[in-house]
Structures are given as structure tokens and as C-alpha cells.
Amino acid sequence: MTKQLRIAVVGAGYWGPNLARNFSNSPDWELMAICDLDKSRAERLAQQVGGVRVVTDLAELLASDDIDAIAVATPARTHHGIALAALAAGKHVMVEKPLADTGERGRTMVDTAVAEGLVLMADHTYCYTPAVLKIRELVQEGALGDILFIDSVRINLGLIQPDVDVFWDLAPHDLSIIDFVLPGGLKPTTVSAHGADPLGAGKSCVGYLVLPLANGAMAHVHVNWLSPTKIRQMVIGGTKRTLVWDDLNPQQRLSVYDRGVDLGLQALDGVERNAATVSYRLGDTWSPALPEREALGGMAAEFAASIREKRSPRTDGAAGLRVLSVLEAASRSLEGGGSAAAVSSGAELVGELR
Amino acid sequence: MTKQLRIAVVGAGYWGPNLARNFSNSPDWELMAICDLDKSRAERLAQQVGGVRVVTDLAELLASDDIDAIAVATPARTHHGIALAALAAGKHVMVEKPLADTGERGRTMVDTAVAEGLVLMADHTYCYTPAVLKIRELVQEGALGDILFIDSVRINLGLIQPDVDVFWDLAPHDLSIIDFVLPGGLKPTTVSAHGADPLGAGKSCVGYLVLPLANGAMAHVHVNWLSPTKIRQMVIGGTKRTLVWDDLNPQQRLSVYDRGVDLGLQALDGVERNAATVSYRLGDTWSPALPEREALGGMAAEFAASIREKRSPRTDGAAGLRVLSVLEAASRSLEGGGSAAAVSSGAELVGELR
Amino acid sequence: MTKQLRIAVVGAGYWGPNLARNFSNSPDWELMAICDLDKSRAERLAQQVGGVRVVTDLAELLASDDIDAIAVATPARTHHGIALAALAAGKHVMVEKPLADTGERGRTMVDTAVAEGLVLMADHTYCYTPAVLKIRELVQEGALGDILFIDSVRINLGLIQPDVDVFWDLAPHDLSIIDFVLPGGLKPTTVSAHGADPLGAGKSCVGYLVLPLANGAMAHVHVNWLSPTKIRQMVIGGTKRTLVWDDLNPQQRLSVYDRGVDLGLQALDGVERNAATVSYRLGDTWSPALPEREALGGMAAEFAASIREKRSPRTDGAAGLRVLSVLEAASRSLEGGGSAAAVSSGAELVGELR
Amino acid sequence: MTKQLRIAVVGAGYWGPNLARNFSNSPDWELMAICDLDKSRAERLAQQVGGVRVVTDLAELLASDDIDAIAVATPARTHHGIALAALAAGKHVMVEKPLADTGERGRTMVDTAVAEGLVLMADHTYCYTPAVLKIRELVQEGALGDILFIDSVRINLGLIQPDVDVFWDLAPHDLSIIDFVLPGGLKPTTVSAHGADPLGAGKSCVGYLVLPLANGAMAHVHVNWLSPTKIRQMVIGGTKRTLVWDDLNPQQRLSVYDRGVDLGLQALDGVERNAATVSYRLGDTWSPALPEREALGGMAAEFAASIREKRSPRTDGAAGLRVLSVLEAASRSLEGGGSAAAVSSGAELVGELR
């Protein structure tokens, strides 16, 4: 068997324990240390995963020769500093979503990783669930045909976050998934965002995102902290088939409908395109079996594989940057009363590096 | 028993037969005639409802002394002409949605009816379903508290209409319901509309509407002709409770959740409003029993009652005009790439007449 | 086009109007008359279907030369007399379920029809729904493999019938469907019935039927008038696949699961058969598209076709007799405290005539 | 705070780890040791719960002075020997379901515990879930009125157990729950069991139990290892209200329907009891909020409380014996082809001790 890579987890708060447990169980990785400014918190976590080393000083951690990579689960505003220091120290880096607190900083992180020849990976956990892997496969092999629309709903009675609004809290999931399944990634030219703060919380608690896609298609995301019912559903409509992902229905998470509207292509005197020949397909529905696999295990394996094979991981820094650019544009749109805001072209430039 | 009012149905196409059958069965009404330019179509319908008189000339119909009112189920662009002629002839008028093809014409219809002292009613059928009547009751008695958000979804594999887009086809239902249940009616200052035409049908087949409501609340409507699954669901979130209406679940159409987020009102040094004290309620759910009653029967009764009592019907011309103003603004927003479009103030002026 | 067959409907109560409307609309049939002892009831129905002849005397009806067949929708105890008279008069007969009030009488009806060379058809309406036709096709082409178990649930808050218990009221549906889809029809050797009358209604309001099938398989039927929730679901488990029919889910009535348990067939020292090698399949789920077709139309077509082709209809008198024999045995089992009661062999004898 | 009680877990196989983890986390208990014949298995478990003592010899364990109670998670056939030895050593005992492998042995265990003045508790875990605790409360406070019927379904694609059939594997859950919620516990005079072994596994893989309850009511249990869909649902119908427990619907586990059938009580000439006046209630539905609490924690607390308060626990040995008696009678009924088998009166005798 290949020699294990060695990793440390930076940040022992909410998400860090999941990363630590997961790297600890991975055949590809040896978990070496937990790093947190709060020593007792780091010690508690270190004990839970078999008594690994505890470090409170990042510089000390990065100076260690026995560490190949770090996984960062600290607040977004610290990602940039930690990642740059780690890259400078020759460590590969995985960063919790969002990649950074600004697109510019995210851009620097991506550029630096490329320059150093190190892997920068975005922790887009959902992308490694069996359902999303299957969706990506179906979309990319053309089973749905051309994409017509994507409608994603992620609503719940959720914690009102002290530092971010509902867009930055929940939409990274939807955006990273859409980025992952679309053949070229998520590259809208503009974003329109509409948010409501009816409780006076000082930030949007209900939010809607509109993203024009290629060829007249559109993606729409609904995120909501105030819904008494929990819905996590994404519909991807295509010219051939339409897919519905209902993540809260374990008995039938994915349904592929062979239903749709067909428009004839011949014009009628060149005037009304398509209007003459509308027809409907009402075919079978198919629900593929999905393996029971934990997403974090797949993500750890992909991080290791990308390092060994010296390639970009499936959810690389550029993917994180594309998501970040959309979130930034959404915030600008929100300030502008919902008018379409241009998405920074940085995303496209980075995309070309792939 | 009160003497029956006498009505004629104008238009024997798709919706006319429903109106005819319904007025024919109503204890309040005597159905006198069917009027349609297509004589054989009118005759077929007349026979189905017991052999009433057939008229092909509107002027002839309106000249009849034995008719108190007409119900109009013709294309939207003809509503204005028919209604004005009928009002001039002293007949009360009910008009299928939308009220007219432009807000200005709708406004004239409303003004004329007021001037003539006649009833002009909008055929907002959904408002007379037991579910919507119950929602209105709950909202207006304060059971939900202040409204925080309204999210309405009406999607289906639907017929692509030759003359209208998905907004004008489906959203009148959502808008008329929201208008009906909100205490002051639907009076957003602006509307943002986002539509997609990914099939090249020449009009939006997928659409989203954003309507800012009072006090920072927001209504959102999703209409879609391309969805393989049928959803008709409206969520109304309030400070006290949240209501979910799932119209396709006959076993539990309405659910009232005693769940929500409470923000404390005391400011923390005046800096972060509400941030200090967030709490959650996770109370019981309650699903009120609903009578089995056909909506059209209730609408016919309300039309008769409003005429007899010389008052505005629950869904009067002004309600129809408010819905129409939103649709017009939505079309303008769509042309403007989704930027917020002002809703004509005509709606408010008319609202004051109530 | 073939000349239409001519039919009269006998019985204008609850079910008769459905039959009358349906034969009236069928291209295969001309509806000639409505026959009921209650003249005004017959007249009301006759008018609704276009003003056909009204007869109150059965003998007079049967003496008519212009009638080829009758459809009987009268109480079960009258089926025997009416059918024998009609067969004697040379008329083909369709009878509402159950075929008769006793197996012996049903047997005579079947024998007489055979002797006279006339069609006797059981009105097993459910068998002509698109869902059941598809289930029959799947079972009979072997898509499910060998049948392992059938579990049928038909519960609701239902009317407590004055004359019959819940078994005779509801179970004919389940039994006729099982009879229809199983390759050889429903021929259990015994039936066990368990009923409860917790309200003191004088008859079972909750009931369970157990029917041993070939090769160790078992069918089970749950019928219930006291359930606040409505369920109409049948599961048919097979060695290859398992089918679930949820009749109240119009969006996915049929689901075929490629899941199951496989037992290896090699014995372990001849001692524990199959125990050594258990494995599980967790394959895809498939939901076939079903056409929107009314069941009664298909039944009328089949009645006409069987007469023209001088063959047994798909749901012939023998099928009705098999269902009746199970119901009779169920009543005996109920009297015997739930002990297994033998099912009359008459059913098998008749079955051989097919 | 009260001094903690000290417990050892006997059996480190499938269920033992759950018990160990749970007692280890309980404020009422100190987990002292893990006992298993397989030393390495015991050591693995001991390490996971903080490094407690490992014992392979039961006698050695029971000789320890520092142990107040044991929790037994070994195969059913060993329960009797272990429990008697523990009771003889003065230890309180909790036993995994079923209580024992025969009713006689279970009876001895119960009698011995009573004689020794020690607590014998049945590990009926489901009874300590928030849903079942709420059901018990509702039934016992009379919210449902008199019980009319209970219908329980527990089906799944399940492991075919090597040593027990589907009744002994799954039905203890349903039976212990019914025993828990009914005011006097589960005391049917007879049981009828119907099982199918269509795969030739040598035991029933599909099973149905019929249990007559007081006043003409009936309980029915459907257990099934071969169902591709997972259902865990119990309906409890009462004269006032009906409760539906859908354990796989976390958003609405319990629904209480204010619907039902009312029969007037006045006889009609003494002939047809109740027949004259049937009426229906179609009232509201109510879904009580349930706390998120782990069942095993509640069970550990109850075990401790019963020891401290020198009283029977809520799920005492007598409850375990009642469930065991029904299972034994079910096996006898199965051998007798489904005929009703008498339930051993031992259950009632023991019940009187409560």
C-alpha cells in the first residue's frame, strides 16, 4: 500500500471535529495534529481522535517536517492568511467553504497555490455525496440533454448566524453543487439577489438568487432560515430528461423523469420560432440506486489522490473561487436593490488554468 | 326565498362551461343565455346546461331586459370592450382573470362600474376554495402574527400558451390569493421579475417574481411550465406561526406550525439590533379540517350577495386591478433585465374606493 | 365500423349511473334503456344520458328484441334472478361485484351462461385501470419472478354499510385484482379471516384476510372502515423484483424495485436449506408511465369484444365466482374464530372451463 | 447529587456497545466493566467507553462488590442463566428483548426477582422514545377514548436472522410498545399468527399477528423482512380520536385525527343495535411537538430511578413476560396453521404483582 500522507486540522470548532474524525479514519491519511488557539478545545478534540499532538501556534505547526497538508476549519476571514502561510511552508491546503471572505483574497490563494505547485482544495463536502456524484455523471454524460433550468431550495428553521447572512451561510452548498455538476462549472455573467430581513436581524434571513446560464437557461436558489418545514430539493430540467433530487427522502433521493416539452425547430414563416409544434413526453421515471458512502471519506480520498497525481482536485481552489465570486456579486446585487450584478471575471481566468 | 338573479355567460370556450354549469346549479341565479360568436359552440354548451337561449350578438344580449348580469370568459384583450358595453347597458359584470390586457383599461372598467353603481367582480376562483378562505381567516384574525414572508410555488408540465407567458398564465392565481389573504390587499411598490425561455418559445416558460411587502417582508412566486413534478404550495411565515398550504395533499392541505424564530427587541448598546437574544419555538402543528365545497359555487353566491347588498364583492374589480398592475410591472421588469419596476399607483387609488 | 351492440342498464341507484354514462359514451355500445322499479329514479338517469327509454318491468325489458345485453347494478341478492332471466332471454350479462350473494347461486349463473353460449362478465372495474393492466403485464411476463407475497391495504373512514360487513364491501376489489394479475387466477385452498366490531355495529368494521398461495407464498388483505387516513396500497413481492402500487399517488402510482433477498440454493449437508448464502440486491427503482384512461371505458370495450369474438371476457363469471368463493370462505372462517376455512372447489372446476 | 449506581454490561456484540455507551454517558450510572467470553471484543468496547475493566468470567464479575446492576445483551437462550446468577448475587438486572427464550424461564426470572426484592427490567427501548411516551400519555389520559383497533406495520428489506423468525426478530418491538401504551398492558387471551416462508429459508420471513383486545377491539401486527420499502407505522383507533405514528417522518411523527365514526347508542326495537344512527366526525388534525431525546438515556434513568425508589420500572420483567407469552403463543398458532392459540395465563398472574 502507498505510504500515508500526513495532515493536521486547523480549527477545532464546529466543523473541525468532522474533518479530524474523517482524516483519522481515512486509509490515505495519518492525522498528526490539531491546531487551535483555544488549547483546551484542541485537546478535547485531539483526545477524541486517538490522542494526536496539540498545537496552539500555527507557525510552529507549519514548521513541522512531518506534515504534508493542512485542513482549515476556521472563520472565513482567516482563511487567506492561514492558507498563504501554509503554501509558503510547502503544505497542501484544504479550506472550508467559503474559500475566503473576498474574491480578491481567494484569487491570491489560488494563484499562489498554482505558483507553488501545491494543491488548494475547497471543502465542498456535498459534491462527494453519492447523490451529487450521480447527478454529475448523468448531466455530464448527456442523460438530461441540454440544461434548461436549475431550481434549488434549501430551507429550514435555521440558526441566525451572527456574522453572515442566509446567502453566505447556505447558498455555498447550492452553488458548489451546481458548479460541480455543470460541464464547464458555474460561470454566470451576472447575479441578481433578493433578500428579506423581516425580523430586523440586520441581515437577510430569506434569500433568492437568480443566475443566467448559457443558452437562455437559468439557475435559481432559494435559501431561508425561517421555514418551519425543512426542504432540500434541486430540480435540473433538461431537453431530454428532468432530474429531481430530494435529499430528505432516503428511499428515493434521485428521480429522473423522462418527461418534457418538445418544440419543433422549423420556423413558421420565420415569425414565431417554434410556436407551431409543441409536443409532450410523458415517459417513465427512474430512480438510480445509490451506494451508502460518507461524503467526507470521498473528499479525503480525492485530496490525497490529487496530491499524489499532481493534479487539481475535483473541487479545487478555482471552484471555490467561482462560488465566492457569485456570493460577492450577490452581495453587490443586494445592495443595489436586486439589480443584476456582474460576476467578477477572475473566476473565468482562474477557470482557464484547470 | 329571494328572487333569482338572471345571468348570461359570454364566451363558450375553455372556462365558459365551468361558469355556465355553476350558475345553472346556483340557487341564487337563473342562467338565461350563452353568448359566443361561434354559434355551434354556444349551442353545444347551451344544451349541456338544460337548453338555454343562444345568442351570437353581444349587443342583442345586452339589450335583453331579462338579464341582470353577465359573466365574461373571453380572451383578455376583449374584456374591456365587453365590460364597458355591459355596464353601459346596466348589467353587473364578472370577468375572468386577468381583468383586462392593460392596467389602463382595467382602471377604466373599475371607474366605470363605480360611476354606474354596478358590481364589477374579478373571477378569482381560488379565493373561494375552503383552503384559501381559511387562510384569509387565519391571517386576518392574527393567528400568524405579522407576515414575514410568502413563498408560492406553482409548477407543472404545462401547456405553453400561444399568447401569454408563464407569468400571465399562472401567476394571477398566486397574486390573487395573496391579495385576498393580506389584510390590505397586495400593494407592493415594486416588482422584480426573472424569466427564462430556454426552449426558444419566444416567451418565459420559467418565472420568478419578487414583491417587497410592508415592514421588510417579501413575497416570492415561482411559476414554471417545464417541471415534471407538479407542486402547488404556498408558505406564509409569520411572527407567531407559519402556515403551509399544500394544495395537492387532500389529506392535509393546511398545516399551521407553531414554530419560529424570536428575536429579542432590546438593543445591545444600540449597535447590533436584536442580535443578542435569538430563541426558537418548536411547538405543535395543527391542521384545520376543511369543508368539501366547490369554489365556483361560493363565487356565484358572493356575486349575487354583492349585487343584492349593493356592496363590493370580496374579489372586486379593484382586486383584479391590483393583480393586473403587478403583472404589468412584472412585464416591465422582465424587459429591464429583472430590475425592480414600480407598480402603478392606480391600484392604490382604486383601493381607496373600497 | 362495426355495428354497435345494444345494452340496457338495470338498476339506477349508486353504481348504475356510472355504467349508463359509460355505455352511453362507448363507441361499441348503444345505450337503449334504463330499468328500475323506482320509475322516477330511472327517469332522472335516462334524462342525464340523452333521454333513453325507461322500463320498470324486467320481463318487459328482456322481451325486447332490440337489446343484446344488460348491465346489472342492483343489490347482490337479486343478481341471480335477474341474470338467469336475462340469459334465458338470450341476453349477455354483466354483473356488478359481487357476482351473487352465495357461491352456489354464482355457480349456477356461470354454468347457465356456458350452457347458453352467452357472455357473463363480472364488473371488476379496477382490473381495467391502467395501473392494474400494467401490473398484470409485469407479473405475467415474469418481470417480478416468482411471487413471494402480496400485501394489500384498503383503509379509509368509510360508510358502515347496512347489509354487508367490511370484507364484502371492500375486499372484492383486492381479491378481483389479485385474481386478475396472478397467472392462474386466485385459487387459495383456504382462507383465514379476522374481523373486529369494536363499535358494536353488528358486523366487522376492521378485517384481515390471509390467503396461502402456491409455493409457500401468501396474500394478505387489510380492509378497514375506521381509519382516519386513506390508504390504497398493494405490494407484490417477487424473487426478481418487488412492485408497489400506491393508488393515491398520481405522480408515481407504480414503483418497481429491483431490490430483494437472494438465497443460495445449495444445501449445507442437506441440513439447513438455503441458510448458508443470503445476499441482497439494492438496485434501481423504476416507475412506468401510465396512460390516462378511464377504467369503465376499457371494461365496456372488453364486454363488447368478448361478445363479438365469442370468448370469455378478461373478468368473466368464473373470476367473479373465484372472488365470491373466497368471500364465502372468509365468512365461514370468521364464524370459526379465524380458523382456516376451505375455499369451495367450485371455483377451480369453473376455472377449467376457460 | 445522588451517588451514582454502578453497572456492568454483559455481552459486547451487536447491542452491548449501545448499552455501554449509554450507561457511560448517564449521570445516574458509573459504567464499571464489560464482560464477554470473547476477550478482544470486550477490550475493544471497553476502550471505546473510556477504558473500563474487562472480565471474561461472569462469576468473577458477579462476585465484585463494586457492581450494583448488570445489563445483559447476550443471545436470548442465555438470559435465564445469567439473570438468575446475577439475582442470586444480589444484582439488579436489565435484559435485552426478548426476556428469555421460553415463557417458563421468563416466569422464573420474574418470580426470582420479586422474591429477592431486586429490579428486573426489560430493555424495551422503543418505549422510551419521545413518540411512544407521548402516545402512552395520550392513550392513558383518554384523549383517544376507548381503543377500537391497533394496526402496526414494521417492514423492511431486513437481515434474515440465523436463529429466529421474523416474529421473534421484529414483533417484540410492536408488542412491547402496545403493552406499554395500553392502560392494563397487553393481555390478549389468544393469538393467531400467519407466516410465509416463500424463499425456503426454513422460517417465516413475512408474518401477521392477530390479537383480540378487550371490548371487541383488535390489534394486528405486520412484520416483513422482504419489503423493498421501509414502513414503521402504528395506527391506534379510538372512539374519540385516532392516532397515527409514522416513525420515519421526522417532520410529523405523530398525528392525532379528530375523525371517526359515531354510532348512536339507542337500539331500534332492540333488534339492530346501533344501526340507526351512524354519524361521522371530520375534525382537525393535531401533531404534537416532540422533544429530541435519545431513548436509551431515558431507559437508563428509569432503571436507576426504579432501583432507588424500590419500585417496578415502567418496562419491568412482567412486561417482558407478557411480550414473551404472546410470542410463544404465536409460535404455537403458527404450528397449528394459524388457529388461535391461548396466551399463557402466567402473564396475568405476574401482572397482578405490579
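Quick notes on this structure:
Each chain gets a letter, A, B, C and D, in the order it is written, and its residues are counted from 1.
To be clear about the criterion, contacts are C-beta pairs under 8 Å (C-beta built on N, C-alpha and C of every residue); 3 or more make two chains touch, one makes a residue touch a chain.
Because the structure is predicted, anything quoted here is derived from the model rather than measured.
Interface repeat of B-D: among B-C, A-C or A-B, the matching pair is A-C, sharing over half of the residue-numbered contact pairs.
Ranking all chains by how far their C-alpha centres lie from the centre of subunit D, first place goes to B.
Remark: among chain pairs A-D and A-C, A-C carries the greater number of C-beta contacts.
Centroid to centroid, with C-alpha atoms defining each point, subunit A and subunit D lie 44 Å apart. Between the CA-based centres of subunit C and subunit D the separation comes to 40 Å, rounded to the whole angstrom.
Between the CA-based centres of subunit A and subunit C the separation comes to 54 Å, rounded to the whole angstrom.
Counting partners per residue, subunit B has 229, 282 as the residues that reach two or more other chains.
Across the complex, subunit C meets subunit B through its residues 229-230, 251. Against subunit D, in their complex, subunit C makes its touches with residues 146-149, 151, 157, 159-160, 162, 192, 194-202, 205-206, 208, 210, 212, 215-218, 220, 222, 224-229, 235, 237, 239, 242, 244, 257, 259-261, 263, 272-275, 278, 280, 282, 337-340. Chain contact summary for the complex, subunit A toward subunit C: residues 252, 258-259, 282-289.
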